[in-house]
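For clarity, chains are labelled A, B and C in written order, and residue numbers in each chain start from 1.
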Amino acid sequence: MAEDMTTPLLSDSEAPADADAPSVCLTSPTVAILGSGDFSRSLAVRLVASGVRVVVGSRCVNRLPSGLFPEAVELRNQEGAVSQGVCLVFMALFPEHYHSLMGLRSALAGKVLVDVSNAEEIKINGPSNAERLAELFPDSIVVKGFNTISTWELQTGAHDGSKQVLICSNSTEGKKKVVQLSRQMGFHPVDMGGLSSAREIEVAPLRLFPSWSGPVVVTFLLFLFFYGYGFLRGILLPFLAQGQNAFYRLAVDLVNESLPAVALVTLALVYFPGLFAAWLQLWRGTKYRRFPSWLDNWLQRRKQLGLLSFLCAALHGVYSLCRPLRRVTLLRLVNTAYRQVKAGTEEPWDELGVWRSELYLSCGVLGLGVLSLLAITSLPSVGNSLNWREFTFVQSSLGYIALTLSIMHTLFFGWDFAFHIEAYPFYMPPSYLLAVVLPCIVLVCRCFLLLPCIFTRLTRIRRGWESKRNCPVLQHHHVVANGIP
Amino acid sequence: MAEDMTTPLLSDSEAPADADAPSVCLTSPTVAILGSGDFSRSLAVRLVASGVRVVVGSRCVNRLPSGLFPEAVELRNQEGAVSQGVCLVFMALFPEHYHSLMGLRSALAGKVLVDVSNAEEIKINGPSNAERLAELFPDSIVVKGFNTISTWELQTGAHDGSKQVLICSNSTEGKKKVVQLSRQMGFHPVDMGGLSSAREIEVAPLRLFPSWSGPVVVTFLLFLFFYGYGFLRGILLPFLAQGQNAFYRLAVDLVNESLPAVALVTLALVYFPGLFAAWLQLWRGTKYRRFPSWLDNWLQRRKQLGLLSFLCAALHGVYSLCRPLRRVTLLRLVNTAYRQVKAGTEEPWDELGVWRSELYLSCGVLGLGVLSLLAITSLPSVGNSLNWREFTFVQSSLGYIALTLSIMHTLFFGWDFAFHIEAYPFYMPPSYLLAVVLPCIVLVCRCFLLLPCIFTRLTRIRRGWESKRNCPVLQHHHVVANGIP
Amino acid sequence: MAEDMTTPLLSDSEAPADADAPSVCLTSPTVAILGSGDFSRSLAVRLVASGVRVVVGSRCVNRLPSGLFPEAVELRNQEGAVSQGVCLVFMALFPEHYHSLMGLRSALAGKVLVDVSNAEEIKINGPSNAERLAELFPDSIVVKGFNTISTWELQTGAHDGSKQVLICSNSTEGKKKVVQLSRQMGFHPVDMGGLSSAREIEVAPLRLFPSWSGPVVVTFLLFLFFYGYGFLRGILLPFLAQGQNAFYRLAVDLVNESLPAVALVTLALVYFPGLFAAWLQLWRGTKYRRFPSWLDNWLQRRKQLGLLSFLCAALHGVYSLCRPLRRVTLLRLVNTAYRQVKAGTEEPWDELGVWRSELYLSCGVLGLGVLSLLAITSLPSVGNSLNWREFTFVQSSLGYIALTLSIMHTLFFGWDFAFHIEAYPFYMPPSYLLAVVLPCIVLVCRCFLLLPCIFTRLTRIRRGWESKRNCPVLQHHHVVANGIP
């Protein structure tokens, strides 16, 4: 990607100077599209809107319903479309039909063919579609690209997350043409190297939330663990030991016991890698050495982990609010009143119990409220409107406030039960006690990093200071700078 | 829209070559704006920020507060503004003042006048503002455009949904100039044809959620039906027959009975047209024939229907959670306890009732949770960051999961009551029984489409395969391709 | 910002014509970056992606890990980077290291130096970083800019809210070059004037939600007032007078009493300035005179006030839904049942009480629902997809519906208690009575503005009509226009 990449695609003047790619046709203002499917139509709409002249070549020109393509588009048969001084041809047909174009081989020679096809499956052997196209048309210049753009994006214009057009080719000249065209169409071309990268580009649109798979698996495993642990401790063992049938708790109670534990641990996992990275920077005395790749990956998944934590916390909130709607709550309530009457006394005021419930509800509501703010700022359009300091404030300060409130919610909920022997049936502690360990460690470590001596050192390192200055170039410069009047 | 559309607006070189539009002035770097209102000011800010020189012509230059326009803007009286080699003039005044500019008729001759006015009402007779302007200034070139852009968007830059500038004119040359300028300003010009389209463009900003009107009406009618049905079955007929006064149920109970029914039917209406389209494609054996327009419209309204279904479901959730806060719940609870005491026995454990309530609450919470995810991905900034496969996964797979959970929620709620005669007072089934019919049909049809033989055929059709190949051009190609070595 | 601003940065042709800035180097296609930190890396990535050739000059070229910069970037030592015909140099190092570059003074002479540094604190004395750079390198042209762009935005491309690049310099020529480059990189340059504005630009990234501080302070003070008032009226005075211990109410009850009051007053504050502005326009008979700045500020903070009102209302909703989960609710319920049994009668049907609770819950749920719609449309990506009329409809019509529903919610909640002497312990009215005053005033004033005579006049004024036409230029025009046949 060099300086004259900004020259408009359609200037004729640059071509003669092009010594290393003599086979590339003179750039012409017209672009051809072979195929008349959805992608072809959307591509034509977009190209016309970007001020490019378009010829569409179809197997069956006469059968196309009128109005399918914009008026400015010229419709021809396939041979007619590529014969008239066109230089760039989009191959908007399925790869299995490429061979049907062998008759156009000579007409396409020296032209740039853009392969816009996707792979059919993620795991596939053999050459990519673009490489097979290059084999079929050895005299043409094959460029892979535009497959990551959906027909919908083509029609409505490029948007935030999907502006990127991944491009690869063995011909610098061909790549340059496609880069220029995609820029003209309002996209953001990204050079992915030679045609051997085509497989990766073809597979990209098939990937399903690649950045979410790790966090989702972690969250799911945590849920399985807490659900299984709760089942063992609260349902199976009591059933085996005392024959208590509490299997009705599987549907709501146990889920609602596991969800907050998962939310708490996941939230701690959001802030753990940041602490680890800070510790590593302190230890190394520099920020210029790369983190190990597992830490890098973890750091990049914090947003997803945070959103999953919010999802679990929100579900926990809704499940909890559903409690009074449940038949079992009603039964218990009526029977409590019945027993009270039998006992012949009003239920006494329970100051401690009241305070405990008020406090853990408060912390829970506020913690979930703060988490909601965090979730809202992670919406692309909201997050993009924040400056760096605002983003840091929300994600770091508010995040730690949410973590602290969640821990307090758990501790107030647990109250002093952790010190009672009844809380440990079968020697198994309650799951919230297991869940609160990691968050507490994270919070303590964070407070440790706020100690003045450590904080100062970390700030200096993050501003570029290094503990051992062993860069001779800099030393030299300092000498020179001081030597000059 | 032809090849040299990418030439910058300000290049003088293209004008001489312009044979078919001799009356168009030589392009000059300066743009004039007549009028000094909000729109004029915002337009000036935007033009200056886009690197264009701007002259504003005002009726009363001397009374304009300083600082109203950016410094780079030249302020003149109206005659001064249009006399100095300006080629393109924005008419930023109300159409009823157009006639006050008759004195500038000769000065404006041959220039491009951009009419930026809106219609006052949607239903109006007579010519559009732009057509009246063209009558008043027959020697000028009138182009309609920019009225769909608000002053706010002009000042802050174009955004996702509102990047489009609809343009029409009888002069290709004039249209081309405005297209270039709007592109330079960061907008996305859309050619709407001749000046007779001006009415449609002028009315566009007056439309109030045009894509929502249909779905809102459908949802509202469904609500009316279920509310009326419930009123008849649960309140009016019992009152007339047995004199029971249950009118207090109008405010919350009946609403909360109708909302889930509406949500369920509307959600089924989201997935119904897709099934119908699939069936049509299977029947026709091709995807290249257009759907009937009612189906097309329905398919395009699925997002709105889905969001309205979510709105109803969420309201149903909140109303349900409010139940324990209601005075009537409290009264009933205390009286249940009272009667229990009178009867002298604890209320017996109701295993079936407990399971039923646990299950329908679980399905409800999870169904609403999945619907929330669907609603979040329909936010423009979130949806835009998904690739096509992710979007399909969320909208189709998650959608069917939500539908299944909602149906299960309803069935568990209904339990075996549908088989009791008491559920049919006045021979009227409960409304959830009516509501669950269509969703069940949709689910069964969907499962039918997943049968291997049908699924394979549909996939082939969607990839472009046609059952009867009657396209001679393609046949010919095949022959040629095979004939060439 | 003049006409040839659209010329690409890299065209050599414009330089000779440049008479007023002889010291500016001939524009060359290469841009240099001094420094190799995060910002340098991201800047290089972005520049390369925009088709610019980049040379990075580092103190310690040899120690840079490979792969840190894109392949297309040339890595040199600092002297090498600036010596090779480079014209524009980004100073991507901390300002305290500027003096280490004194040895490059002659090499940098006549070149454009872009200062991308931020201020360290908001309140700081002395010259800005850019001014100090200009002092150190008097023969270079210093331009301030790009500091508002984060490294993340540089890498991923510009987004909605953060597209703006604030630029200032004493050299028009230097500014023009940076403006062009930033436009080429996809940003939206904003000219902030001379280098004396650099301080303001350097401080911008440090500001924390500047548009939120006022509304947050107002909301917080309102909360403090209502919380303190409630504490005095409901807890402290009863404790002092009758020794009642109700301190447990501090955590949830009192918060949940204050939140709706704050939400209601804040919502009224959203619509109050609009009414005031309308009244001012009616009084003045024109819309062309500026509002006093406090009113202008208030009008611009309506969105924030509205969102804070929604936050309080939503929290109020969640706290209310939590009521049945509280230990104190349980205690009271059981004891009510107990007392009922002691009394020996079922609790009688309370028609009025039931209607009251049904109505205030309905209004509350619907009011919060409408407020949620308002909050959703204030998300940037949703709001941007609305046209002006839709935006006005949502923000104004739906807003007044939400206000009306909230007032009704409060009034139904209050019912006839306001007329009982027990509602005024210590002569203090309940807080919801205080909170409902301002919203009622707003609602009445709004209805007043809808009276036909006033509405017509206001509409005319807002369309540009003025009560006293004293603009001589216009009069003149009219005469001329009428004089010409």
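The working rule: a residue touches a chain if its C-beta (ideal position, glycine included) is under 8 Å from a C-beta of that chain, and two chains touch if they have at least 3 such contacts.
It should be emphasised that the depicted structure is a prediction, and the values quoted were computed from it without experimental measurement.
The chains that touch both chain B and chain C are A. Of all residue numbers that take part in the contact between chain A and chain C, under half occur on both sides, making this a different-residue interface. Mean C-alpha positions place chain A and chain C at a centre distance of 26 Å. Shown for chain C are the residues that touch two or more other chains, namely 160, 321, 324, 333, 337, 341, 379-381, 384.
Of all the residues in chain A, the ones that touch chain C in their complex are 1-6, 160, 163, 179, 183, 188-190, 288-290, 317, 320-321, 323-324, 333, 336-337, 340-341, 346-347, 349-351, 353-359, 361-362, 365, 368-369, 379-382, 384-391, 393, 463-464, 471-474, 477-478, 480-481, 484.
Note for the complex: chain C touches chain A at residues 8-10, 29-30, 37, 48-53, 58-63, 65, 72, 77-78, 93-94, 99-103, 105, 148, 150, 152-153, 157, 159-162, 184, 186, 204-209, 248, 251-252, 255, 311, 315, 318-319, 321-322, 324-328, 330-331, 333-335, 337-339, 341, 379-381, 384.
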